[in-house]
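We just call them A, B, C, D, E and F in the order they show up, numbering each chain from 1.
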Amino acid sequence: MAKFKRLLITGASGMLGGELRKRLTDVADVVRLSGRRDVGALQAHEEQMTCDLADMDAVMELTRDVDAVVHLGGVSSENTFESIMQSNILGFYNLYEGCRKNGVKRVTWASSVHAIGFYPTTQVLDTDVPLRPDSNYGVSKAFGEALAQYYWDKYALESVSVRIYSSFPKPADRRHLNTYLSFDDCAECFRRSLLAPVVGHTVIYGVSDNTVKLVDNRKSAHIGFRPKDSSEPFRAELEASTPEPSIDDKFISTHGGGFASAGHFED
Amino acid sequence: MAKFKRLLITGASGMLGGELRKRLTDVADVVRLSGRRDVGALQAHEEQMTCDLADMDAVMELTRDVDAVVHLGGVSSENTFESIMQSNILGFYNLYEGCRKNGVKRVTWASSVHAIGFYPTTQVLDTDVPLRPDSNYGVSKAFGEALAQYYWDKYALESVSVRIYSSFPKPADRRHLNTYLSFDDCAECFRRSLLAPVVGHTVIYGVSDNTVKLVDNRKSAHIGFRPKDSSEPFRAELEASTPEPSIDDKFISTHGGGFASAGHFED
Amino acid sequence: MAKFKRLLITGASGMLGGELRKRLTDVADVVRLSGRRDVGALQAHEEQMTCDLADMDAVMELTRDVDAVVHLGGVSSENTFESIMQSNILGFYNLYEGCRKNGVKRVTWASSVHAIGFYPTTQVLDTDVPLRPDSNYGVSKAFGEALAQYYWDKYALESVSVRIYSSFPKPADRRHLNTYLSFDDCAECFRRSLLAPVVGHTVIYGVSDNTVKLVDNRKSAHIGFRPKDSSEPFRAELEASTPEPSIDDKFISTHGGGFASAGHFED
Amino acid sequence: MAKFKRLLITGASGMLGGELRKRLTDVADVVRLSGRRDVGALQAHEEQMTCDLADMDAVMELTRDVDAVVHLGGVSSENTFESIMQSNILGFYNLYEGCRKNGVKRVTWASSVHAIGFYPTTQVLDTDVPLRPDSNYGVSKAFGEALAQYYWDKYALESVSVRIYSSFPKPADRRHLNTYLSFDDCAECFRRSLLAPVVGHTVIYGVSDNTVKLVDNRKSAHIGFRPKDSSEPFRAELEASTPEPSIDDKFISTHGGGFASAGHFED
Amino acid sequence: MAKFKRLLITGASGMLGGELRKRLTDVADVVRLSGRRDVGALQAHEEQMTCDLADMDAVMELTRDVDAVVHLGGVSSENTFESIMQSNILGFYNLYEGCRKNGVKRVTWASSVHAIGFYPTTQVLDTDVPLRPDSNYGVSKAFGEALAQYYWDKYALESVSVRIYSSFPKPADRRHLNTYLSFDDCAECFRRSLLAPVVGHTVIYGVSDNTVKLVDNRKSAHIGFRPKDSSEPFRAELEASTPEPSIDDKFISTHGGGFASAGHFED
Amino acid sequence: MAKFKRLLITGASGMLGGELRKRLTDVADVVRLSGRRDVGALQAHEEQMTCDLADMDAVMELTRDVDAVVHLGGVSSENTFESIMQSNILGFYNLYEGCRKNGVKRVTWASSVHAIGFYPTTQVLDTDVPLRPDSNYGVSKAFGEALAQYYWDKYALESVSVRIYSSFPKPADRRHLNTYLSFDDCAECFRRSLLAPVVGHTVIYGVSDNTVKLVDNRKSAHIGFRPKDSSEPFRAELEASTPEPSIDDKFISTHGGGFASAGHFED
């Protein structure tokens, strides 16, 4: 018997949702999938539900009979503030309200490196540095972490905020050599976040065991996440095919990379 | 000649706005006042403008030709998330966008104890503790501090986030003995925040020099704020007229007081 | 009406007990005094009771109907381990058991510099440095602080452990210039410890506002203790009448002074 | 030639004593065993001596010609204060006095998780957090650590205080998945504590390399202890046979587990 | 009788030397003055000696029969590396060698803000931040602090390294409003550094009690330095007569001011 | 294509230079070798140049067309101050000036355990502890780290200061069991320091993965150095052939070992 009866995965039609869905098969008896697009064929233990997170009534349905959540839904990159506010602020609030009212026990969700993206890469970050978001998107993740803390302190709803770095099939540029998170390691980070006996509200970095290490998960060791993969096998090819960035390029000199170095999104 | 040509005070028709308006007469040649209600008779150096912060175009007008801002506007207590989102999240974002586009140099604004309201009062807080909001309102202040940090890191727009404790004519309950901020000290905190030579994004606590001290502004000493007042003269009367709260009552055992101890706002 | 109905002062026949008894007249309606010797004439608000703290039954009587305690009793200097164990370990345990069973709300007590006496005087100590006792006596104070913490965590019995430095009528040697605690400041430290709204288990240093400052009470600012006196008026006389100690003499180079520099007590 | 001529193991007739005795065969030429019960057949390098630690004269005999100590004796679980005081306070003091007078060089001893048992399991502890004992037993361990520090500072007698978590043949409940210390790892921790070139007074956590990690031995890396075992092989069986504890059950939400959640021992 | 028999003041013909000489009349019976230029008429307790610090033999003479030193000599501003090396590195080494061989007890000396000049003024510095010099001059002060630490650790020669900010007759520019050290406060800082009972090697900031506070002497409170003066009386005039600097001008945005913002000295 | 076109290795005729030269063949297309003695036969990718670092003109030639530096030259052990000043202070300054003027991008260099040699071995050091040099040599390394920081802050010339412990063919004494740095690990530390994308000025400890661990490179994890070797294989032989040192012998009780325990070099 799994720890949870029903796990909700939001954003299940996205890339990361699809990968985690395949790997998180042992933490709940039933997995409910929701996403903006079709989630494809269902396995025996899966069910599906569509939901606009900005619609509170729909969210109440979505979170009914749910024990735990992997929340990957919402806008997943920089965008207009209006768009991000609807998905990642109002939608996020609705999700927590639904969870609270429906008695969900634990939410694990995709926070992001972009919540602390303006720190220089010469600073190895532990999990309680003050936030330095690098974008509207990053600010919405800062909002999310504050809300998750609030629901723990006030309502004893547990959360793990996973600050995902670069979770892709493989490292796609030189920065990813330092920030890569393999899908296996990503799934393991969420699995441990769900299975750890007590989490309160814990922040943890989601990065693989790359040679260059920009983060320090020491204060989250109670989660039990130990990454197994590394960007190293991809190094030679990436270094051969891409130019060395200048050290004053924020792309390589900040945790947030392209977000910190980009111009204003909406101009 | 004052440091700034034009200072904008939002929330000028509120209690705190009215008090600060009277006291911040030496930091700018012209003071622009905006508020939800009429701001009353204008002094020679004052001008007035009404503005709905949720209206971006109006905010562009409001912040035109402004050098510095004292932002007190928005919802100032716990409320529905929808209401708070419109005022303190969308409205706050609009204000910063207006400031950025209009070249405003510095924003000082009313963050709140409620951004860190769930800390116990046995813990003296310095200015870089992780946030622990106690309400929708407190979460909106956490959002605001993250946005202020972002606009500094990305756009070199300076901010001081003043975590105001209890700014009232006089302490109104026993908790206020520990959290009182006199209007004079409040104004001095904003004045120093405006006049300090360089602030980047600085967080500072706004509390008078009360006997019981719950905060530590050591890391913000570059602002130069030294409170002069104390709740002590009000102690005897308050203790005579109010019962001793129990130490397990969050009203007295947390920084946030009533917010941390209240039930859910919207239920 | 005072905050407490009945305050128990132990060690009331000792020097410090006599001084505090005269000064702590406003925190309780009735003050119960206990001591090894006669406590002298009683004031109207005072009552007296003799008690051997090593006798659990007697301690139950002593703490009955008591709301708060100022515990100064026990062995107050270095002694044989056996003697210290009876008074400061068994007696201290009995006192806490009596307080727990009788529903006492708060204990404030004389811990000591000798709990951290082996730190060098070039290190300014805050209140959460690991303990470094300098004597059997200091070890018994370390025991006491651990027990006070335990009764808070387990039974919600509040305590303030006051690490008293040198509380004498006036500084008696050159070390006291750095460690002097006037009786007025000592009483004020206990008063604030009793009156502070919430204390959990708080450790605080009891030292006057001397020029040379060896401790940092920053993390105990919620107690509200601000010393008013200083050893400075006694400096000239003391320096004229005593030789400059060598910097490698533990008497002057450690917090604990003579205790740290003494030979083994029982040899 | 081993590092020490004679190693004393107290508590040698207990479970842990028996296990360590089998494994610590290479740190001394002769091992002296003492215990409350018979220690069984002796190996060639072993000798045996019975001793009541509360008897100072006997302890002088016990520690004569000894170079180093593994102290496992005393009361090993919660008990009446009187009983714990005789064994773990007076007995412990006698042991240190014996060691001091007989010129023993180093004492390694079984402190306990219960010296810091009231910390929440969401807080990963390093070795200099303030103590938070969870029982009379835990308070006696706090006493022991203070005494060990004192004998180092005053008499240059070295100590390693090993805060043992759950050293059993195998994890016996769900909490042990997080706190398990295999006998091999326990022995290795004591071996390294004995063999490390200089230790002063060092505190170290005794826990195996479990997935969920509640402690951080970073500041004790000079001891050289690296656990090899894990509770992971026992997880499936334990989770199948035991119910998931509630996160507000101190059994799982504090380091000390059952001790922190228990009622008062002596009532 | 003063604490020291003979105090040596180097750099006595400079501005600061002249000011301290007038004020440090009570710490030694005899004051020996040395400087590059004539030191003017001598008081009864004064004697004079000329010395090139780069000449080891001369330094041996200079430090003979000396008990304590106020070292202000050497190059006092940015210069060629060769020049600074001769005065502030070789000369400084010679001074310490002379002191060691002649049994001098304590050296207090003018380190500088320029040893940490590249920190931003939004960071309030305590005394153990890693060094960030802003010039050849600042690097020589970093060297000096390292040497002072070495002579304490190896030879028990005590030192206080006073990181002087801007010690001038009055603040001369807007940066000085934040960095001003009055001559009285400067003298008091050296006096306390000489009179404090034990100092080992202590680093302390020399700044008056200005409104804007860039440093935190908390860890040096055992010196007993409490500044009395402030730049505030000079503010109005300075702000009226000088333009507001831009916040991206290192002159105002770094501790080191002009040094950090200057081009390379020797180009 | 390697990251750098031309790498300069100074001290190439020394033991460590010879070892690194053999191992750092993949970070640059051309390696320029300089040393006091002949560097032996050149490989195809190598070139050689002799240079006295105290001669600025020669250093300008040496650093022309160079992209990165491994600086091992200078005096490599305790010596007269004069000798160390010429090589490690003036020579070091010249090297940085040459690098700055010739546009070198990154310098990695042999700082030393002796910059922090006076810390006790019971203290595990991270990379931002205040310096405590143990010798003239160690003070020159402190100077070097300050200069490296300065050139990064002022001129954006990157540096990695590698605090090398004991880099020898194999551990030669008992202290080396704790401080050994194999040549392979040493080369890997420099390789990672050269290849890491951004380093600013980073301090890192160069020690192998020995059982007893005296340092903590956590804050330098962005370099990506993970040692592979250990002193363990050499333990048995070393312990058999050398006596156990006393714990009060600075040789074993300080990081710096023999340097901290030696008498004054020049007496």
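Quick note on the criterion: contacts are C-beta pairs under 8 Å (C-beta built on N, C-alpha and C of every residue); 3 or more make two chains touch, one makes a residue touch a chain.
In UniProt terms the chains read A, B, C, D, E, F = NAD(P)-dependent oxidoreductase.
What you are looking at is a predicted structure, and each value in this text was computed from that prediction instead of being measured.
Participant: Taking all residue numbers at the chain A to chain D contact, is the shared part over half or under half, that is, same or different?
Facilitator: Chain A and chain D contact each other through largely non-matching residue numbers.
Participant: Give, as an integer number of Å, the spacing between the C-alpha centres of chain F and chain B.
Facilitator: Measuring from centre to centre gives 51 Å for this pair.
Participant: So, what's the distance in Å between the C-alpha centres of chain F and chain E?
Facilitator: From the centre of chain E to the centre of chain F is 32 Å.
Participant: Hey, what residues on chain F touch two or more of the other chains?
Facilitator: Each of 218 in chain F touches at least two other chains.
Participant: Take each protein chain as a node, join two nodes whenever their chains touch, and name the resulting shape: line, ring, star, complete or other.
Facilitator: If you draw each chain as a dot and join those that touch, the picture is no line, ring, star or complete graph.
Participant: Looking at the whole structure, which two-chain pairs count as touching?
Facilitator: Chains touch in the following pairs: A-B, A-D, A-F, B-C, B-E, C-D, C-E, D-F, E-F.
Participant: Can you name the residues of chain F that touch chain E in the complex?
Facilitator: Touching chain E from chain F are residues 81, 85, 89-90, 93, 97, 100, 115, 118, 128, 130-135, 138-139, 142-143, 145-147, 149-150, 153-155, 260, 264.
Participant: Name, in rising order, each residue of chain F that touches chain D in their complex.
Facilitator: Contacts found on chain F: 120-124, 174, 177-178, 210-214, 216, 218, 239-240, 244-245, 247-248, 252-253.
Participant: Provide the residue numbers of chain B that touch chain E in the complex, in ascending order.
Facilitator: By the definition above, chain B touches chain E via 1, 3, 105, 156, 158, 192, 196-200, 202, 218-224, 226.
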